[in-house]
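These notes open a run of structures that come right after.
Consider the two complexes below, in which chain A is the common component and chain B and chain C are the respective partners.
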Partner chain A sequence: MIYDVLVGPFLEFEFMRRAWIGVLALALSGAPIGVFLMLRRMSLVGDAMAHAILPGAAIGFLISGLNLFAMTFGGLIAGFVVAALSGLVARNTELKEDASLATFYLVSLALGVTIVSMRGTNIDLLHVLFGNILALDNRTLMVIAFNATITLLVLAIIYRPLVIECVDPVFLRTVSRAGAPTHLAFMALVVINLVNGFHALGTLLAVGLMILPAGIARFWSRDITGMIAIAVFAAALSGYAGLVLSFHAGMPSGPAIILVAALLYIASVLFGSAGGLLRQWFPGRHLEA
Partner chain B sequence: MSAVLRFRNVTLGYDRHPAVHHLDGEVEAGALLAVVGPNGAGKSTLFRGIVGLLKPLAGAIGIAGLAMRDIAFLPQSADLDRSFPISVFDFVGTGLWHHSGMFGRIGRAGQDRIRQALTAVGLSGFERRAIGTLSGGQMQRMLFARVALQDARLIVLDEPFNAVDAKTSSDLLALVKRWHAEGRTVLAALHDMDLVRVHFPETLLLARGAVAWGDTAAVLTPDNLTAARHMCEAFDDAAAACVADAAARAA
Partner chain C sequence: MRFFNLTAIMAAVAFATAAGPVRADERIEVVATFTILADLVRNVGGDRVEMTTLVGPNADTHVYTPSPSDARKVAAARLIVLNGLGLEGWLGRLVKSSGGAAQSVIASEGITPLKPSHDDHDDHEHGHDHGHAHGDVDPHAWQSLSNVKRYVENIRRALAEADPAGAETYRANAERYATRLDALDQEIRSTVARIPEDRRKVISTHEAFDYFAKAYGIRFVAPQGVSTDSEPSARDVAAIIRQIKKEKIPAVFLENISDPRLIERIAAETGARIGGTLYSDSLTDEKGEAPTYIDMVKHNIRTIADALN
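Right, the complex of A and B next:
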């Protein structure tokens, strides 16, 4: 019975197996990126970027259909244009970075939705906004896995300077010139993973599988390595449970995945061993030293 | 003895406004130099210029034969993200950057050096603690441990004893003197004149420009200190372009 519920759908349907593999790849690469976004206090920047890259991805989508390479490339360009423009405005005017980023991502989002709805169909628009993880074909799956592999490789390369840049940016600048390239590479990884998440979760929820697991992990570990491991596990678990839930309850799969992650998040806020609410309310008697 | 640092008519500042104005002079290798002066005198700005965080507006800072790896910098109340989940051991370990680079493994020898540095600053037993749980004094000790690990020929300390108690500052001062004894060049921005008089042979009294520079006893005279106190802190957007600078360029 339990076996039928938890494993059955994946044995029976190929699209469920594809979805599971896809969500696993997203968890492996997206969750670590999410942890760094959170630690750099950029959680909402990730969300803004998800919207900002829409026109680029949309143009790529219109030119070559559901081709992840074209969408990634377009998204990368749009993402960097928005990041550069808002940085430019923030540096040269009174407007602060967050305000100018908000302006540009909204313009970008409006542009993206316009492009998709003028040139494509409503189905296309729904697909881009909310994704459809149950419709991953082999090629898309390969591209998602490819992007995930690239992400993990690049992350391994920039890991040390990235960590140092988070903790002590001035120190990094005095010992190395790796700071700026590291930041750029990291932003590129953010964009790649957002585009990756497009297919499964859509532009509105793509950042969810990055940020929610990071938030969960924060409540279970005080160490960056542990945090990343927990975030990956939480993302994979949410993906799996979300797929099962959507299969049996007939829910749309993307939102189901994010809602499961939200449940894990609530549980973590309450019961987390590293700063969870229960720990704060009932800390036990204080120690001698 | 040769100079490790040469200031040639150097002007440092922000948005064209000078914070350090037309400074000339040399720091000998192995010097133990105190940089004193009122708030806003340009001590931190000068240090940021020396370690390469700030480009001079005019003039030049010569760091003869020193590469990035030869310079260690302890910034003022470091721009640390104290909430970042990293242990004291790993944080201090970043001081081995020039050894390990981006990928190199920190082997047994490296780990021993980290432990030694932590012991030297009195933080053994704190290895696994998250940096966010340290007190202000412990934080300063940890930053000193990282400077020690950098094994640099030129060490630049910006107000290293600010907001630390007598015990901590005397422990850390002992470390500074050990670095000096090892032949390293040490620059420190300080406010405690008594400490400077006792422990630092050479002093630069800075008030945007150099008021005096040389033997500590000769520099820290009442007249010089009064002159420094009357430093002009003007920051005038309508100020004319610097005449001395134009003259220097024409010459």
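Right, the complex of A and C next:
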């Protein structure tokens, strides 16, 4: 009975298996990125970037139709341009990075919506941009897996400076000049994972599987390795549970996945062992060495 | 509303004074609500009519929002051709507010309307919440050729009344067009006859093909329990797959699921063939696959036959 509910859908339907694999790949690469975003207080940057990639994807779609690579590539370019421009303005003028990013992503979003609406009447591009985890064909899966692999590789390379920059950027600046390239590489990873996310969850929710697991992990671990492991696990669990929920309750799968993650988040806020509310209200006996 | 009225009246006045008397050849101005009707009128009216279409190629007549320039067109028209059966819910107000004195003709008058078989109007092809004002009859009567012959006759009569001098031309044109419709009807029937009987069914979210289905004996099975908004749930997709497998449906026409990858997934998992695009509510522009009504019907039957044979 429980077996039928939890495993049955995946045995009976290939699209469920593919969705599960896709979610797993997203969890593996997106959740660590989310943890770093959170540690650098850039959680909302992810959201802004998600909107910024819209016009690129739209242009990709206009040029070559529903071509996965064109749309991914366009999204990547638009994301990079917005990230670079806002960084440039922030570094050379009085405007802070958050304000200039907000400006550029809004411009980008407006451009995207304009391009979308200029495209005839019949095909609703927004539906296309609303990715669908249930429709992962081979190529989409390959793209997602490829992006996830790249992410993990690059993350392994820049791990050390990235961690140091998260906790003590001034120190990093004094001992190394890796700060700026690390930051750029990291922003590139953010964009890659957002593009990954929108294939599966759509532009609006692409950030969800990055940020929410990071928030969850923050309540269970204080060290960065532990956080990353827990975030990946939480993301994979949300993906699985969301798919099962979508299958049995008929909820749209993207939102279902994010809502499960939100439930996990609420539970973590309450019961988390590292700074959860219950722990704060009823602290255990102080351990003495 | 007031602004709308004013613009319309001003525009109408301007139009009447400027364009009216200049016209040397007495072409009569006819407004059709959407492309299919416009094509029929053009075939009957020939050179004697000046056609204007409110809802252009590829656009959706159900949810159309008229613009001030439409009011101008309506005000200037001698004859307005509409489908009726609740399709153009927006037209009544437009005609009133435009202040024109055009005759209107309901092209579908005299046909036997069908009740809509799809109760759940949410799953219209594009999946929007349309606010469909269909009411209790299915307006897509033009999908059956015998109905369209009726349309043509209604249009011919209305044109002849509006422009008695051309009555003879209209009669000849209508007769010629009716012959072509008869030939097309025969073509459809023989095409359907070549499809094995147990394969004459497709799964489709098109609610526009009930008349077609009834006239030519191809079943359009609606996917069950699917309310397709922007994103179908895993349960919806699973239900469609199970249904296709169970009823052994050979082809899918699921255009309201806007993500083609999802349709490919469904096809891959069921072994059903993916049908091409069916045109139901609107013609395409000149370069498209269905620039005229006859092209549209030919395209649809060919697409269906390709998917089923």
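Here, the second predicted complex is superposed on the first by the 260 of 289 C-alpha atoms of A that agree within 3 Å, B and C clash if a C-alpha of one lies under 4 Å from a C-alpha of the other, contacts with A are read in each partner's own complex, and residues count from 1 in each chain.
The criterion applied here is as follows: contacts are C-beta pairs under 8 Å (C-beta built on N, C-alpha and C of every residue); 3 or more make two chains touch, one makes a residue touch a chain.
Note that the structure is a prediction, hence the values are computed from the model and not measured.
Enquirer: Which partner does A:Asn147 contact after superposing on A: first (chain B), second (chain C), both, neither?
Expert: Neither partner.
Enquirer: In the superposed arrangement, which partner chain does A:Ala178 touch: chain B (first), chain C (second), both, or neither?
Expert: first
Enquirer: So, does A:Val163 touch the first partner chain B, the second partner chain C, both, or neither?
Expert: first
Enquirer: Name the contact category of A:Ser268: first (chain B only), second (chain C only), both, or neither.
Expert: neither
Enquirer: Please determine whether it is chain B or chain C that touches the greater number of chain A residues.
Expert: Comparing touch counts on chain A for chain B and chain C gives C.
Enquirer: Who does A:Asn196 touch here: chain B (first), chain C (second), both, or neither?
Expert: Neither partner.
Enquirer: Looking at the overlay, what does A:Ser108 touch: chain B (first), chain C (second), both, or neither?
Expert: neither
Enquirer: Just chain B (first), just chain C (second), both, or neither: which does A:Thr72 touch?
Expert: The answer is neither, since A:Thr72 touches no partner chain.
Enquirer: Identify the partner contact of A:Ala19: answer first if only chain B is touched, second if only chain C is, both if each is, neither if none is.
Expert: In the superposition, A:Ala19 contacts chain C only.
Enquirer: What does chain A use to touch chain B in their complex?
Expert: Within the complex, chain A contacts chain B at residues 39, 157-158, 160-161, 163-164, 166-171, 173-176, 178, 221-224, 227.
Enquirer: Quick one: which bits of chain C touch chain A in the complex? Just the residue numbers, please.
Expert: 58-60, 126-127, 229-238, 241, 258-262, 264-266, 268-269
Enquirer: Would you mind writing out the residues of chain A in touch with chain C in their complex?
Expert: Contact set of chain A toward chain C: 9, 12-16, 18-19, 66, 120-124, 126-128, 130, 132, 134-137, 140, 202, 243, 246-256.
Enquirer: Which stretch or stretches of chain B touch chain A in the complex?
Expert: 51-53, 68-69, 71-73, 75, 78-81, 84-87, 91, 94, 97-98, 100, 102-103, 130-131, 146, 150
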